[in-house]
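Worksheet: the structure to be examined is printed underneath.
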Amino acid sequence: MAFGPAAMGYDRAITIFSPDGSLYQVDYAFEAVKKGWTAIGIKSKSGVVIASEKRKAQSLLDVDSIEKVFLIDDHVGCSFAGLASDGRVLIDYARNIALQHRLIYDEPVSIDYLTKSVADVKQMYTQHGGVRPFGVALVIAGIDKSVPKLYMTEPSGQYMPYQAVAIGQGYYTATEFLEKNYKEDLTIEDTILLALKALSATLKPNEKLTPNTVEIGYASTQTGLFLKMTSEDKNMYLQKL
Amino acid sequence: MAFGPAAMGYDRAITIFSPDGSLYQVDYAFEAVKKGWTAIGIKSKSGVVIASEKRKAQSLLDVDSIEKVFLIDDHVGCSFAGLASDGRVLIDYARNIALQHRLIYDEPVSIDYLTKSVADVKQMYTQHGGVRPFGVALVIAGIDKSVPKLYMTEPSGQYMPYQAVAIGQGYYTATEFLEKNYKEDLTIEDTILLALKALSATLKPNEKLTPNTVEIGYASTQTGLFLKMTSEDKNMYLQKL
Amino acid sequence: MAFGPAAMGYDRAITIFSPDGSLYQVDYAFEAVKKGWTAIGIKSKSGVVIASEKRKAQSLLDVDSIEKVFLIDDHVGCSFAGLASDGRVLIDYARNIALQHRLIYDEPVSIDYLTKSVADVKQMYTQHGGVRPFGVALVIAGIDKSVPKLYMTEPSGQYMPYQAVAIGQGYYTATEFLEKNYKEDLTIEDTILLALKALSATLKPNEKLTPNTVEIGYASTQTGLFLKMTSEDKNMYLQKL
Amino acid sequence: MAFGPAAMGYDRAITIFSPDGSLYQVDYAFEAVKKGWTAIGIKSKSGVVIASEKRKAQSLLDVDSIEKVFLIDDHVGCSFAGLASDGRVLIDYARNIALQHRLIYDEPVSIDYLTKSVADVKQMYTQHGGVRPFGVALVIAGIDKSVPKLYMTEPSGQYMPYQAVAIGQGYYTATEFLEKNYKEDLTIEDTILLALKALSATLKPNEKLTPNTVEIGYASTQTGLFLKMTSEDKNMYLQKL
Amino acid sequence: MAFGPAAMGYDRAITIFSPDGSLYQVDYAFEAVKKGWTAIGIKSKSGVVIASEKRKAQSLLDVDSIEKVFLIDDHVGCSFAGLASDGRVLIDYARNIALQHRLIYDEPVSIDYLTKSVADVKQMYTQHGGVRPFGVALVIAGIDKSVPKLYMTEPSGQYMPYQAVAIGQGYYTATEFLEKNYKEDLTIEDTILLALKALSATLKPNEKLTPNTVEIGYASTQTGLFLKMTSEDKNMYLQKL
Amino acid sequence: MAFGPAAMGYDRAITIFSPDGSLYQVDYAFEAVKKGWTAIGIKSKSGVVIASEKRKAQSLLDVDSIEKVFLIDDHVGCSFAGLASDGRVLIDYARNIALQHRLIYDEPVSIDYLTKSVADVKQMYTQHGGVRPFGVALVIAGIDKSVPKLYMTEPSGQYMPYQAVAIGQGYYTATEFLEKNYKEDLTIEDTILLALKALSATLKPNEKLTPNTVEIGYASTQTGLFLKMTSEDKNMYLQKL
Amino acid sequence: MAFGPAAMGYDRAITIFSPDGSLYQVDYAFEAVKKGWTAIGIKSKSGVVIASEKRKAQSLLDVDSIEKVFLIDDHVGCSFAGLASDGRVLIDYARNIALQHRLIYDEPVSIDYLTKSVADVKQMYTQHGGVRPFGVALVIAGIDKSVPKLYMTEPSGQYMPYQAVAIGQGYYTATEFLEKNYKEDLTIEDTILLALKALSATLKPNEKLTPNTVEIGYASTQTGLFLKMTSEDKNMYLQKL
């Protein structure tokens, strides 16, 4: 049995600090994120890309019908890693924020504001009793008035802007790959290819990306629209790898 | 006495994460699912089928009057495994969702939306204090504008689309059987037969399916209606086994 | 001292699952049921019968004034075993449900719906914090549009249809007796006699049923009315034993 | 130190069952009843009587001003044993129930309904969190349309009709006395004498009932009124002992 | 370390009974009463008296400005022993009750009703969770339509009528003194002297009552008014001792 | 490790009594008071004075901008020792009470009433669950219609009138000094000097009061106004020491 | 394992005091502050400066888009150290306070009032149950009617005025540097340079401030406006170092 901080109970009630100023429940929620399917976000001069793997955990799982990249509004999408049901709740919330913004101000929500709104909900679930933190990290990407934006929100409610970011079980390998290969001035096509290469890098030797097991969303600064890639297009890009 | 995570108390309060990012209460609720009567869902090109066993636990139990396959709306039905009273509460909820949809939009609820609504309730019971998770898994199947749909919702609130899925005490054997024998292009009759064969595979050597101990619901893409099979029809299919 | 699951605390907070998916508090509530006075319900082609013993625990207890078989509405009655005060609360609730149904729809409540309503309250008391489960099982019996109905609801909120069922301290012996002697095609008089015989089977050698220590309610499909038997009639039947 | 169920904590939270289906907190509340001053209720053909002792625990206690038999309404009275402040709360509640009944229906409340109302409050305090059970038993007696009624309510919320009943520290001796000497066809005067004899039986050898240390309430079927006996009348009866 | 009931935790949560039917928190609250300054109440044929000591715990405490005998209404006053801040809250409550009574009924509140109102608040704090009992006992005395009344309320919410009563650290000696010397037919002057003698009896050999360290309130049946004694009058009485 | 009452848990939940009638949380809150900066209040015939030290815990702390003596209303001021943020909350509350009194009655609040209002809030935080007591003591001083008033409120909600009082880390030395040197008939100037001498007495040998490290508030019966002393005046008085 | 106060549980529930009058949860929250990025605030005669480092924890973090110095209103800004999501919540709150003040009074909020409002929220989170304290310290600086103001608020809700203050991981070195080099009569340019020098002092030998890794906000008494420095200006100042 352990005799570290865990054994002393600081990690068993959400809303308390340990003597070193940590919130263990929030740290543990991050462990749930690390067990999720890998998702990657990249921001380049020409746009943003989100790519996420899907794993056929069971051969009869209808993996084609599973969504891992989500449209929040015309100009912004997201993916997540961690507890799928927690992720769904936050994506619903983000869509409502975007919708209300359009209704009230008659213009698209800024991606900063959208991300902050989601992160504020997460923060609240780390400071008040009777709830647990959200066990999910979100990659949010889109185009704000021609400017590409990419954020990642943590279970703590913290969010940061990134040039490229990876979450989920392959996050370490993918991040290492991206740190070596990221360049800011890529075409949108090359940005997509970079995302797929990073995702490929996380696979086991006998695994291979297929149109069925990867989802891709992207938005170029030209159109400003976040689009999910069709199976044909995915195939085309995968052949270029 | 155990000295694993259980002994450390991470599994005794619903809303907390263990150091490895698990929610033990949700995992334990799944154990209740594994003790329930077996239920099977199959989706083929021609439609969907739900088959569920009923066990005469006591000889004076009026097993004929027990329902294990439930009509949610004209086009969608479901079955469950786990705590029967928890299942009943969620089925009531699903029926209300379907009814309200017809009242407000004057058209049948989509099966995606219906399943998500039920799963959202389940998620809420895993994140907030003062309640326990639902100890039940649901198989939801139906026809959405000629497209067959099949989902399974877990106690965590996660739901996934399946080509074929089994829950309850015989889930392991049935899944193994289905993985070997599933084909997508089956007639609705063959889909029904496959479900019954999978269910039979879970029985003990001296057990046999009878019209009294199996319930079958199905919907073909042609009619788009989810129907519960009469005793005569069940007999017919069982003789073909 | 025990070192089984009890020693680990899974049974001390209502709303949590044990690692094997059990809700111990619900199981323990069933123990309260097993300590109550025996009650028996039988459904035959000609009607339903509820018979319940009353025990003169103390010689000055005015056992004649104690009620153990309760009229819920014209067509349906019930008895219970377990905590008497819990039973009273649920019977009040059932009567309200029946009354409201008559007021709103101008027709008798169906026995399925009535039983489900009572069972839903029980389920709620097993899933939410700050309350304990109801320590009582109910036998509900009546005639729905000429069809005899018999249900038993458990502390978990689960309810099942039965041909014959026994609850309370003599449930094991009575069930054994009923499994051997139950036939579906009995006259209402023979159904009543079967219930009294099953109840007699649970008595100690020196005990004997008397009009004072047994309550009988019955409903024949002919009248559709649930009636409590007078002392004279009880005497008549007891002499036939 | 004990190693029985008490040591395992089942008796330290109101709303939980022990593995044998007991609610220990309710059992312990009954112990408070057993420490109270003795109160006796008797029902005969000619009426009802409640007699209760008062003990001059301290020589300057103004025992004459202490009330132990309470008028609830013209036709019904009560006494209690256990925590005096808990008893007072329930007697207030009973008086409100009786008063409201007169206001709404313009007729006296039935003693069954009155007793059930009080018992329902008690039950509620055994099933919901954040409260403790009432540590008090009530003897309620009166005349309902010429019919004598006598009930005793327990801390559990259970209530039973009795021919004669004793509660408080002398309950065992008094019950034994009553079981030997109770007859149903007594005049109201003999019923009063029987109550005083039973109360006397619980005294220590050097103790004696005096008009100061006993309170008597009675209702005859002739008048239908529950009356508290004057000091002179008490003296007269005590001399007959 | 103790191994009695305290070690078993029955005394650490307000709202639970110990196996012998005690509420330990209420018993412990009484210990706070026993640490307070001594207060004495006496009721004679000619009126009521309350006398309370004040102790100059610190030499710069402005003991003259401290109040220990409080006017509730023209005809009734009180003193307390125990936690001063708890006492203040209950005295405010009593004054409100008295004021409301005058506003609504245009006549003084009866002392029975006033005492019961205060005691009901105390009872509530012993039965519901999230609060602790009041750590204070009150002596309430006054004249009800020419009748002298004297009550003492305990932390449990129990209240009793007394001919004479003492609370606080000197309660044992004072009660002993009063039991020996109390007579009912005293003039109001002799009643006051008796109270001062009883209070003197509780002092240490080197201590002496002075006008500064005793407060006296009294009400004679003639005037029906509860008055606080001036320093001059106190001096006069103290010289008579 | 301790084996006294602390080890038994009586001090870990606010709202419970220990077996000897103590509320440990309230006692511990007083320890926070004893760690605060020293504050002194003195009442003489000619007025009241509050003097409080300020410590330059860190050399860049802008100690001049820190307030330790607060104006509540024209005629009343206060200081505190203990948790600064708790003190601030209570001073805000006191100011509101004073303001409301002026708005409603068009006259200054009495200092008794003001102090009682603050103390009632403190009492409430010692009796109800879900909060901790206030870790702060307040010295409140002012002139009520030409009468000097001086009170000290404790974390328990108890408040007492004083001729002179000291709180905070130097309370013991200052009280000792005041007990030896206090006289009631001082001019306001001598009262101020006495306060400064008492404060000086609490300093370490190498420490010295400066206009920067002491705050002084005073009110003479002549003006009836509570004034904070300017730096020049402070200097003048400090030179007289 | 520890046997100090931590082992005794005083630090595991927010709202309780330890025997020495500490609130451990508040102390632990300060540890979170000590792990944050360093932020420095300086107040001189000519104005205020806030400088905060940003660390490129990961090479793909888009550190340019991260904000560490925040505008609250035209005349006031702030920075924080500790949990970023907690800081964000309080900055939102501060902005609302400032906005409301302008709307209601049509003039800028005073910096004292603004700081007190934020600190009051923090205090509330240390005294009430069901929440944890904010794990963040804020440096708030601005110009109030030509007067420079600088405050630091702690997790306890305490706030103090400073001439110069440092928070976060480099607070010790920076404070030491500032204590040696702070002078009050600096030009705004020299104040900015002093802040940058203090920040540089906290870096490791191989680290260097760049326009990307430092944020600077300042307000001179002349303009009264709080401005964030452009990259060019930052570069200019960094070259002067």
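Every chain is named by a letter (A, B, C, D, E, F and G) in the order it is written, and numbering of its residues begins at 1.
Everything below uses one rule, namely that a residue touches a chain if its C-beta (ideal position, glycine included) is under 8 Å from a C-beta of that chain, and two chains touch if they have at least 3 such contacts.
Fair warning: this is a prediction, and the values are worked out from it, not measured in the lab.
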Please identify each chain that touches chain A as well as chain G. none
What angle of turn lays chain A on top of chain D when you fit their CA atoms, given in steps of 5 degrees? 155
Since chain E and chain F are copies that touch, is their contact same (over half of the numbers shared) or different (under half)? different
Where chain B and chain G are represented by their mean Cα positions, the distance between them in whole Å: 55
Dist(centroid_CA(chain C), centroid_CA(chain D)) in Å evaluates to 30
Centre-of-Cα separation between chain E and chain A, whole angstrom: 68
Can you list every residue of chain E that touches 2 or more other chains, as numbers and ranges? 7, 13-14, 129-130
Listed in rising order, the residues of chain F that touch chain E in the complex are 3, 7-10, 13-23, 43, 116, 119-120, 122-123, 126-130, 150, 156-158, 160-165, 175, 178-179, 182
Considering the complex alone, what residue numbers of chain D touch chain E? 1-2, 6-7, 11-14, 24-25, 28-35, 58-62, 65-66, 83-86, 88-89, 92, 125, 129-135
